[in-house]
Amino acid sequence: MIDHALTAAVQRALVEDLGDTGDLTSSLTVPPGTGSARIVARTDGVLSGTAAVDAVARTVDPGLAVTWSHRDGDAFRTGEQLAELRGQSRSVLTAERTALNFLGRLSAVATATARMVRLVDGTGVRIADTRKTTPGLRALEKEAVRHGGGTNHRFGLHDAIMVKDNHIALAGGMEQIFDRLAARSGHMARVEVEVDTLDQLRHLLGLDAARMEEGHAPVVHAVLLDNMGPDLIADGVAQVRAHPAPLVVEVSGGVDADTVRGLAEAGPDIISIGALTHSAGCLDFGLDI
Amino acid sequence: MIDHALTAAVQRALVEDLGDTGDLTSSLTVPPGTGSARIVARTDGVLSGTAAVDAVARTVDPGLAVTWSHRDGDAFRTGEQLAELRGQSRSVLTAERTALNFLGRLSAVATATARMVRLVDGTGVRIADTRKTTPGLRALEKEAVRHGGGTNHRFGLHDAIMVKDNHIALAGGMEQIFDRLAARSGHMARVEVEVDTLDQLRHLLGLDAARMEEGHAPVVHAVLLDNMGPDLIADGVAQVRAHPAPLVVEVSGGVDADTVRGLAEAGPDIISIGALTHSAGCLDFGLDI
Amino acid sequence: MIDHALTAAVQRALVEDLGDTGDLTSSLTVPPGTGSARIVARTDGVLSGTAAVDAVARTVDPGLAVTWSHRDGDAFRTGEQLAELRGQSRSVLTAERTALNFLGRLSAVATATARMVRLVDGTGVRIADTRKTTPGLRALEKEAVRHGGGTNHRFGLHDAIMVKDNHIALAGGMEQIFDRLAARSGHMARVEVEVDTLDQLRHLLGLDAARMEEGHAPVVHAVLLDNMGPDLIADGVAQVRAHPAPLVVEVSGGVDADTVRGLAEAGPDIISIGALTHSAGCLDFGLDI
Amino acid sequence: MIDHALTAAVQRALVEDLGDTGDLTSSLTVPPGTGSARIVARTDGVLSGTAAVDAVARTVDPGLAVTWSHRDGDAFRTGEQLAELRGQSRSVLTAERTALNFLGRLSAVATATARMVRLVDGTGVRIADTRKTTPGLRALEKEAVRHGGGTNHRFGLHDAIMVKDNHIALAGGMEQIFDRLAARSGHMARVEVEVDTLDQLRHLLGLDAARMEEGHAPVVHAVLLDNMGPDLIADGVAQVRAHPAPLVVEVSGGVDADTVRGLAEAGPDIISIGALTHSAGCLDFGLDI
Amino acid sequence: MIDHALTAAVQRALVEDLGDTGDLTSSLTVPPGTGSARIVARTDGVLSGTAAVDAVARTVDPGLAVTWSHRDGDAFRTGEQLAELRGQSRSVLTAERTALNFLGRLSAVATATARMVRLVDGTGVRIADTRKTTPGLRALEKEAVRHGGGTNHRFGLHDAIMVKDNHIALAGGMEQIFDRLAARSGHMARVEVEVDTLDQLRHLLGLDAARMEEGHAPVVHAVLLDNMGPDLIADGVAQVRAHPAPLVVEVSGGVDADTVRGLAEAGPDIISIGALTHSAGCLDFGLDI
Amino acid sequence: MIDHALTAAVQRALVEDLGDTGDLTSSLTVPPGTGSARIVARTDGVLSGTAAVDAVARTVDPGLAVTWSHRDGDAFRTGEQLAELRGQSRSVLTAERTALNFLGRLSAVATATARMVRLVDGTGVRIADTRKTTPGLRALEKEAVRHGGGTNHRFGLHDAIMVKDNHIALAGGMEQIFDRLAARSGHMARVEVEVDTLDQLRHLLGLDAARMEEGHAPVVHAVLLDNMGPDLIADGVAQVRAHPAPLVVEVSGGVDADTVRGLAEAGPDIISIGALTHSAGCLDFGLDI
């Protein structure tokens, strides 16, 4: 299936590595001839990035064949073989680093996500990403989050409305924001509002309830409780559940492995974590010939 | 000055965030009007990415002006203001996340590099990057390494020759590699060979010395001692220093903050560290309006 | 503000007209020299496309200045001057046809929308577009719909979930669709389901109500009543208003100027009309020198 | 055969619809599996756009196969099946709207052209398009005009010289234009001059005849009689036929189905009609699974 | 004025030279600071390429200013200063080689053209280029031909019809070609036919004359006499001048400085010479700081 | 194997020739049907450009098959058949001129290189290219140089450091240059310095020797003796050979077939010649059907 984001990312990565000149070392030192190579895990983790590896191989040389023994979302152990590449040996070497750079980063995102998903197991809470993604790799990283068992927040500024403190300040306050959203947001646009305090939340829910009483559809579909601890979250969730329309409650802000379970038990629907994508690092894979 | 890599990365990142549709939230909620905002550090670090922030701002809105109070390579402290943005408030909000995504990642690379550089202070060893960079951001991350006081390894497969174990295996051995390099590498191409053992190193240096005795220029300009401890490195350095031509000695393989000083004191010229770029994470910056 | 869709559309249109060779006629026959020209309406209508005209002018020649006396969304009358262009006369002529091709099409969309909006005046119903847009001009046409007083449906397959008869058939039925949506749609993804009969609608609402009774958020946020007359629509609206969650009711299918008022009075929230974009034609504008 | 215009248009249209994120609905609701679908006409018409549909299918998924039972230029009736698509059901749904958007518009152009061609049947007059095409779709629309039995005017400003009233005014008059064309137009550049009055035509023909008497080749190869009725056209045709060089006579300006036959009987060679491309609307096709 | 061909060529040339990495030498060795440099001719010639030099400078650094003391089409002498560049010294050095590569090639084309134009002075014959241009530089080289006083043949396969021996063979003969052209070529498409013998010419003119006698416009507008000497050309010209429609006579095939005058005196309208663009070489310019 | 430079050059060349409109002549005059054609040499030479011809054929029509009877680097004689094309006759004609434009230029470069290589046969000197390449064709021309038996100098400003007179002047002298290089050039960056006099050379070597005596690696890896005759070169070579580190000696400046042997016998390692790429002209090939 067509995938513009993948194509763009792989093309760009190969231009970085090859320029107009190509792979000097392989063309000078490796005689023509075919062979095979294996991608092997050097750490435990959850796999993501097989489509990127396939695209790197295909772009470097349409004759390179990649056969996977694991699929995206599968867990793997140190030492396991994940894939076999067959084709011109020169092409395998040319593709190696770019392919592993994708695989290492995307599997790290999937692995970090899977860890958080496991930590909230049984609470019914879903782990989501944010827009704090690597420039140029957003669609791939968001797919890696899904491979790790997480769910995606909006993909960008273009596909959902999310009001933050700066919007509220620049609009002149919550009431102004609310009126603008009520008047102008499209019926297919999902609206989330971030609140920093429970007073703000109460204000927002009150505006929405008043409007619903006049027979209108609700304006806000989700609230983000920013940087709150479990107690405040529990209070906020209670407020939201008492609202006449069913709102999604999202929690965010400095969540880590130590705090995520406690936050989840306070009852929100979603916990979003920037570190899934901005600080997952890179898993180690090797290419053995 | 022209910078294709920067332009391509920034364009792509903005397309990810804005699609064809643009910033729904700001256009719906923020009234037209100009204002200013400040980029503030929420952690200590070394700055990198000012050109990317400038490019994001300029691409979002040519009327956005960014004024920096620090420069790339400067250290900063938590709470310090690093830059001021002035222009349409909507444009500031549209640019915010993409700008900070660049700034956070690149400053993390500069900061990680600066830390390693400090750890080898006084040894004369230089800290270098590798090709284990984020797909699409290589040129920017390599510049960040320089901002952190490091030096750059080759930029890609296209600008230097680096022979690794797989090349040697596929070529049929060190002698075959050496002969091919001697016959075919250009006079402006820098050649480095990676060795896994001191025997391999001895073999390589012997081939080169024999060729030089016949009046030829040396074929190899640098050797990489892969995954060796301080003692082996010291022995390798001694071998190289006894060679008739002056070779660069590089050390690599799982280097971290605990081991880097010991490796440096063994006497190599360069220590290269993949983690500078693949696992530096992301520094936290805020945009205050 | 950055606008990828506009830039892409204008670049492509100018490449069509100019190729690599440029404007043969103007360069051969028009002596260098500056002048002014006026864009004049040759019909009544509602204006849209000023940004496209600006972009055409700027791309042809950065020295061309366009001054508008009307704004997007303004109504105009036959014979009124809408804009003045000043700059090299050659550049004005080179830009003319491409600029008017954009202006004529986009103003036709805004005008057709405004007509429908007027026809439902007082009913509280909003007029929306569809994905039946001109290939390459979607974002511009959707903006023209807003200029005409309409609202936008989703921008593409990427920014909202809309289940149609084919999805239901391929998934194996409404229940299967519902379960998949409940399990997998993101909390920021808006979900609409199209129904062809009131039985289907009843089935869908029943599934959602049962799930809400178990304490879950609703899965569906909007329903599209496809190709129904006023009576069926009124019944459908009544069903939806009795649902515990506030759903948007959209009506679509062969709506025209004769039928739109009757449909609106049946009480839906939205009437979407493909003809706003696929059959609006082109308004006539002239460039007088 | 290579077709840059088609490729560019299809790529752009798919980016509009899919962004980086792709088809949310199909990937969430449709299980993997292959099937077939039929494109069916919901109106009578003349077919154009099969290459665009093929390109959409191929771009969305190289595994999608399209088999046509009609060819471009064929007439079809309401209810007839025109093509069958086979492949992954998800891919069929992803391609559907973009494919039909192309097919509907291009077939509308072919159908409108065929209607005009029929109306002038037997007069020997050819029906031509103009540059009033949809931005981004010119080459496709001009091919649709050929599918409808029409002929193409120039493709852009780059491939023929066409002097209009504004050029004459800016050059300082017909004589100045004529002298510039005589001195500077290439021997492979076709030259047409638009005249608004028969006096202008007489002036132009006189200049050309005088130059030919001095032994030069004619400068003008075609004249466009703009916005004239049958009587004036008949007079103009008579003037041109008396000219020593054989000139093409084109007629244009507000031509419609009511007037085209009368204009054709006045004896011109070509009648060009902007509405073929700018106001043909969109034919209705369905995709049945 | 917009110039896609120039922009594409300059962008591509700079990417070749700078890659993602940039100008290593200047950034390492030249301290920041502004200065000026002069472009000086190291040979006599006719200038072409000032727009390319301007575009290179502007793309490398918008702050680089180029001031020309000569214009395209001007003759210059060895040692003359042609332009001054002012701006960052680093930027001047970065732009130098790419700018001079354009200037040297394009001025060589203009100079070669001017030489041929001088050699046919007084005969009334025009010197034209062909499609034997440097891949990627056609529009620039065709402009250089004009700067040298020549005229342009068609710009590509897309803007004029030119029938050669292979077309005739594949169509089944001259008659078949003629009938197809008569039936299908657009009224704005210029048609030239290449003939290898005077018999072929006679055949062609006969077909056209017969058709004109039936009241049709001529089908062919120009003939190319391929690889004939002055006597054959003179006979061919006589045949053409006796034809009822005024045809352009072009001569081509292995024309050089020794033969061009004799060919011109045989009376054709145009002599086209591939060597103007494919073998003009490169004039020598220097950049003095 | 992936080849960005080739793809970009071929795409651009075909866009020049075909625009959006395509090959008017072939589509009008050549009936559908397959056939074969032969590429035949009309001169002696050394072949280069087969990959470009393949790419042109593949891009015009994936069904076109090219079978080569010679390989890049092979010598050929006038009249020899080099390749056969099979496929749609229209496609063959559409591809013809663009394919031959590449083949003629690249084979001319290979042939000019082979001639120079032969002239220095037995001296051990290698013939190298420069950056005086055709804009847009650098990678292809550098490959042609290799096909002719030459070696490549750096590919651009991005992959090696080369200090010229202007850098030295702007840096404030040789000592400043030397210090900057010592402090800042990467360990994988090859450094060459151009000298105009033997005094300059002595100064440079002295700086490097002094630094090496302090235990540092050499800073400079190659010297370019610019515009010197055999005697000066011999003196320069002697100086370099006495230097403690093995430096490459390159000679350049106005080298031609008359002077190259004498220069080679003076003992340098490399002679670089701009005329290999900037003035090789174009070999003549024909396409016979």
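First chain written, first letter: the chains are A, B, C, D, E and F, and each begins at residue 1.
Basically, a residue touches a chain if its C-beta (ideal position, glycine included) is under 8 Å from a C-beta of that chain, and two chains touch if they have at least 3 such contacts.
Given the structure is predicted, the values throughout are model-derived calculations rather than measurements.
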Set of chains adjacent to chain C and to chain E: A, B, D, F
Which of the two pairs, A-D or B-D, is linked by more C-beta contacts? A-D
Looking at chain A with chain F, do both copies bring the same residues to the contact (over half shared) or different ones? different
So the chain most remote from chain A by C-alpha centre is E
Between chain B and chain F, what is the separation of their C-alpha centroids in Å? 30
With centres defined as the mean C-alpha position, give me the chain D-chain F separation in Å. 46
Numbers and ranges of chain F residues touching at least 2 other chains: 5, 15-16, 18-22, 94, 138-139, 155-156, 158-160, 162, 189
Considering only which chains touch which, how would you classify the arrangement: line, ring, star, complete or other? complete
Which residues of chain C touch chain B once you look at their complex with the stated criterion? 1-5, 138-139, 155, 158-159
Complex contact set, residues of chain B against chain D: 15-16, 19-20
The residues of chain E that touch chain B in their complex are 14-15, 18-22, 59-61, 88, 90-91, 94
Considering the complex alone, what residue numbers of chain A touch chain C? 126, 128, 151-155, 158-160, 162, 186-190, 192, 212, 217-218, 221-222, 245-248, 250, 269-270
Show me the residue ranges of chain C that touch chain D in the complex, using the header's touch definition. 5, 8-10, 12-13, 16-26, 28-31, 33, 35, 37, 89, 93-94, 96-98, 101-102, 104-105, 131-139, 155-163, 166-167, 169-172, 177, 180-181, 184-185, 189, 278-279, 281-282, 287, 289
